[in-house]
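Inspection log for the structure reproduced underneath, given as structure tokens.
In this document, chain identifiers A, B, C and D correspond to the written order of the chains, with residue numbering beginning at 1 in each.
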């Protein structure tokens, strides 16, 4: 039911994000869709697709949500919406010239300073332990 | 202003999605945040962050939106929100056991059949040329 | 903590939706904001604000979410985001010439046919009892 | 194409928000849907529906978006999504005990102080004229 997502097997033959990005660029170019792919439109489309992913979960209890992939129809919808979100995110990044992997690496580094591990030597006293402050 | 997003330089030393995924897993584990990272919560958080990215563009004209990265403050916000969206997408995928790169590769293949290139031998007559039918 | 939301007291002196709509029109006109208030921008802003309302709940358990109004700060945020969502919905409707109360009344009537009460004489056999089919 | 949204005709015989709220309460009770209607679920559903409204506009130019109601199919979708957003907003407010009209009235008053009319006697020097600061 679940694809392996860790370990060497995950990358064996799997496409890289950059390869998929190039396929999306070619796909849109072949269909002459570039004029629609403005940063504003792609940001809207990304938000719409994230809503469609959330829709799968909106009426589920936490317990039902944890089992979402054991229902084949829901599992297909989840993979489909994950793909749409990632596709629009990658296309948005191409339109504005941002490298999403570099942006995430930089953010993780900022968050390691902003949210020090509890019990570590220098705890930031300004961090509210409330869950609302979770960055990730 | 814009990072290089194509060519060999982009991957030279840049982290892979799998490396970033592992750092996010470790980050959450060190802070004992896993109990919050249910599929339903992460789908909600992903949608919230996609909304924050859209917020940057909501009052901009298409022309202003095309120049968004020439304003340093806006450019920083764009990179920051891209990172948040990608972080939650990756963490959601980890929680449900989906490989986002495999999901996107499968979707691109389905779309290549669903939206044939105009003028190609067998055009699907059921495809409405209206932009609303764009998958990506 | 909670305002009375039913009974005659609720409407005694309270503004109507139409009165609030007119105040929003005047407010935007006085600040010359009408050029920003296009249907597309307002639909984006509505979605962004709905995300901000959801953000309050994203890490809460169902039990914590049920008690959200007992925390004064969260209660204020909830009221503030409800106001923003309603404001943009009303302004969107003004921009496209739709009466939101008439639209909702028509939808309720359609749903009364689409989702007959279980056990009533003519149950629609096509309705999937799965929660995903809930319209409202 | 557009309903009258101003003037006495708009309220002549039209339902009030409170009347529609009561119908939604009765509708959910008859179908035993109350257990699904938690604050968190309704906030998620509201965000999902706001995304569906935005979806109508995502690929449209500002000019096409301004004419959205001249296409009967799109006009129907717009009314349908407006109804869904308002239905979930009202049901969310019922679940948390907030009066949406009172919340909006209070917010408009706060915004009248926060965003004084340009040229009026005491202009708030802290207000950034950038459109990003628009509250409504």
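The definition used in the following text is that contacts are C-beta pairs under 8 Å (C-beta built on N, C-alpha and C of every residue); 3 or more make two chains touch, one makes a residue touch a chain.
If you're wondering where the values come from, they're calculated on a predicted model, not measured in any experiment.
Peer 1: Note down the smallest number of touching-chain steps it takes to go from subunit A to subunit D.
Peer 2: Minimum number of steps from subunit A to subunit D: 1.
Peer 1: Count the C-beta contact pairs for B-C and for C-D, then tell me which is higher.
Peer 2: Counting C-beta pairs in contact, C-D comes out ahead.
Peer 1: Measure off the straight-line distance from the CA centroid of subunit B to the CA centroid of subunit C, and report it in whole Å.
Peer 2: Distance between chain centres: 28 Å.
Peer 1: Can you give the whole-Å distance between the Cα centres of subunit C and subunit D?
Peer 2: Averaging C-alpha atoms per chain gives centres 5 Å apart.
Peer 1: Touching at least two other chains at once: which residues of subunit A meet that condition?
Peer 2: 36, 44, 47-48, 50-51, 54, 56-57, 59-60, 62, 131, 134
Peer 1: Chain touch graph shape: choose line, ring, star, complete or other and state it.
Peer 2: If you draw each chain as a dot and join those that touch, every dot ends up joined to every other.
Peer 1: What residues on subunit C touch subunit A, complex-wise?
Peer 2: Residues 44, 47-48, 51, 56, 59-62, 131-132, 134 of subunit C touch subunit A in their complex.
Peer 1: Please give the residue numbers of subunit A that touch subunit B in the complex, ascending.
Peer 2: That would be residues 1-6, 10-11, 14-18, 20-24, 27-28, 30-33, 36, 38-40, 43-44, 46-47, 49-51, 53-54, 56-57, 60, 62, 65-66, 68-69, 78-80, 82-94, 96-108, 111-112, 115, 117-118, 131, 134-136 of subunit A.
Peer 1: For subunit B, which residues count as touching subunit C in their complex?
Peer 2: Against subunit C, subunit B makes touches at 36, 41, 44-45, 47-48, 50-52, 54-55, 57-59.
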